[in-house]
Amino acid sequence: MTNPLLLAKPVPAPEWSVAEWLNADGPVGLADLRGRVVVLHAFQMLCPGCVLHGVPQTTKLFQFFDPRDVAVIGIHTVFEHHAVMNAEALRVFLHEFRVKVPVGIDVAGDDRIPQTMRRYEMRGTPSLLLIDRAGMLRAHKMGQVEDLAVGAAIQQLIDEPAP
Amino acid sequence: MTNPLLLAKPVPAPEWSVAEWLNADGPVGLADLRGRVVVLHAFQMLCPGCVLHGVPQTTKLFQFFDPRDVAVIGIHTVFEHHAVMNAEALRVFLHEFRVKVPVGIDVAGDDRIPQTMRRYEMRGTPSLLLIDRAGMLRAHKMGQVEDLAVGAAIQQLIDEPAP
Amino acid sequence: MTNPLLLAKPVPAPEWSVAEWLNADGPVGLADLRGRVVVLHAFQMLCPGCVLHGVPQTTKLFQFFDPRDVAVIGIHTVFEHHAVMNAEALRVFLHEFRVKVPVGIDVAGDDRIPQTMRRYEMRGTPSLLLIDRAGMLRAHKMGQVEDLAVGAAIQQLIDEPAP
Amino acid sequence: MTNPLLLAKPVPAPEWSVAEWLNADGPVGLADLRGRVVVLHAFQMLCPGCVLHGVPQTTKLFQFFDPRDVAVIGIHTVFEHHAVMNAEALRVFLHEFRVKVPVGIDVAGDDRIPQTMRRYEMRGTPSLLLIDRAGMLRAHKMGQVEDLAVGAAIQQLIDEPAP
């Protein structure tokens, strides 16, 4: 059985660059999460597909999986309308939409594309990325993803033998 | 038959105060709309009930009714987090969520409550208000409203004999 | 304003033929309803579009409008699988899905198409028909219909001056 | 991580008793499926929770998982209104609702409860049951179940080491 979300050729997941963490006690690096499955949800607070689908799904994943197995993390990858999707606005968004997931703000890049978004070669938002316990990027999907498929894919990564 | 949305005691609808109009050719005053039914949808761009329900319903009303009979208007009544729900942010929101309805930005008041919101005694967002052809406030409802009820209420106001 | 559900050329609504009434105290003829708006919902109990959309919408209409203004009636127009969509099965369906709307069972015809369905020239199920206070057929639509449009159309027929 | 669907104390899954198979080439026994995960969805064709939620979810599971790993099976456990939920009616239901999942008709019991339903101690419909590769009953849940939880639970059973 091959979950259609999973990449045929995993590659090492690059480290993310975060300017500021919200909903978190302190900085969270990818290396700190080695040994756990990582769900990385890249979004923009004024992107309709994120607000209506991606962010609520990320909250469901955050509530469902045991944090000892799965780290669910949002990353605010603003590539347009930077002035109005700033840290202060994001803080209000997370508060009003009751999002408790830790969210890192992607670091601005040399052009409109922020650094983590560039490094992961994301094509837009929302994007869902799964990283396995060994730090390999195993899924990378833009747009709406079915709960059934993402639930099964995450569980498969949880169940893999330790590297 | 009494539509439960309609007020037992209509009162004259107060004029609104708008600092800036978006999606409009110029200022729109309540007096300019005399003779038409007015749907006034008060919202905030980061209020979940507005984004998920009120704004999409307002777009449906805007597309469904003949503009010669019904003027559908949004009013951005920001009463919290003023700094991040400013005109520039609202412009991005309307663009990204493809909202074509004319939207007026309520004028700041002496306290956190903007002037139109205060004058209409709105209790929060989203709020749906219906004004009849004679300028009387006929419905005023906070929260989620069924399409069936609002469609019937607007049609009833359309059908009333001219004042 | 022309509601897109309303027919350009109304015709007198034919009387229906009903073999048995469920959820009703006795037979209900179209002539008995003169002076009221009539919502006629033609369905089959094993038609997915009926079960998922048409029947729940009919229940909403039945609960929303004042019965002094609007008579909401279902008609079970079985044109396929007659053996398993019989009166006994329909009774169970209405009970299990908690449908309280009066439902007439269309009388079998010479072929597979029952008499009322034939007389109204219905093309399938679900079909929504609106009849005005004067007994004229004003709307006839197969498939899914938006609550907003049907609410406004019914209200328009309620509001028309008595014939 | 413990999926809340999974039972604390698995027990051997009893064999089912089927009077007739639909959507299947021939009889399917639980013993024939040893080595695969089994999803057993117990439903009645006129139970609203089944029609609106359980049956569509079962179809999604049937389409998503590889049949070499997971056997998805419906069982029609009629415990009320037996006369109208007979084999012929079920055949029409599956056809009209485009259900392709293999469905066994539970064998009538001494009372209203059919034999498989009795043997599995089901309390009603819809009921979702998961059986692991070794034939142990691992989940048994009545009512609506989230896609996320069921997707993860099935994947976990797929991933368990062979018994």
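We just call them A, B, C and D in the order they show up, numbering each chain from 1.
Quick note on the criterion: contacts are C-beta pairs under 8 Å (C-beta built on N, C-alpha and C of every residue); 3 or more make two chains touch, one makes a residue touch a chain.
Quick caveat, the model's predicted, so the values are computed rather than measured.
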item: If a chain touches chain A and chain D alike, it appears here; value: none
item: Most distant chain from chain D by Cα centroid; value: B
item: Whole-Å separation of chain centres (CA-atom averages), chain B against chain D; value: 50
item: Interchain centroid distance [CA atoms averaged], chain C/chain D, Å; value: 36
item: Residues within chain C bordering two or more other chains; value: none
item: Chain-level touch network, classified as line, ring, star, complete or other; value: ring
item: Chain C contact footprint on chain B (complex, rising order); value: 1-2, 60-61, 64-66, 68-70, 146-156, 158-160
item: Touching residues on chain A, where the partner in the complex is chain B; value: 46-48, 51-52, 81, 83-86, 88-89, 92-93, 96-98
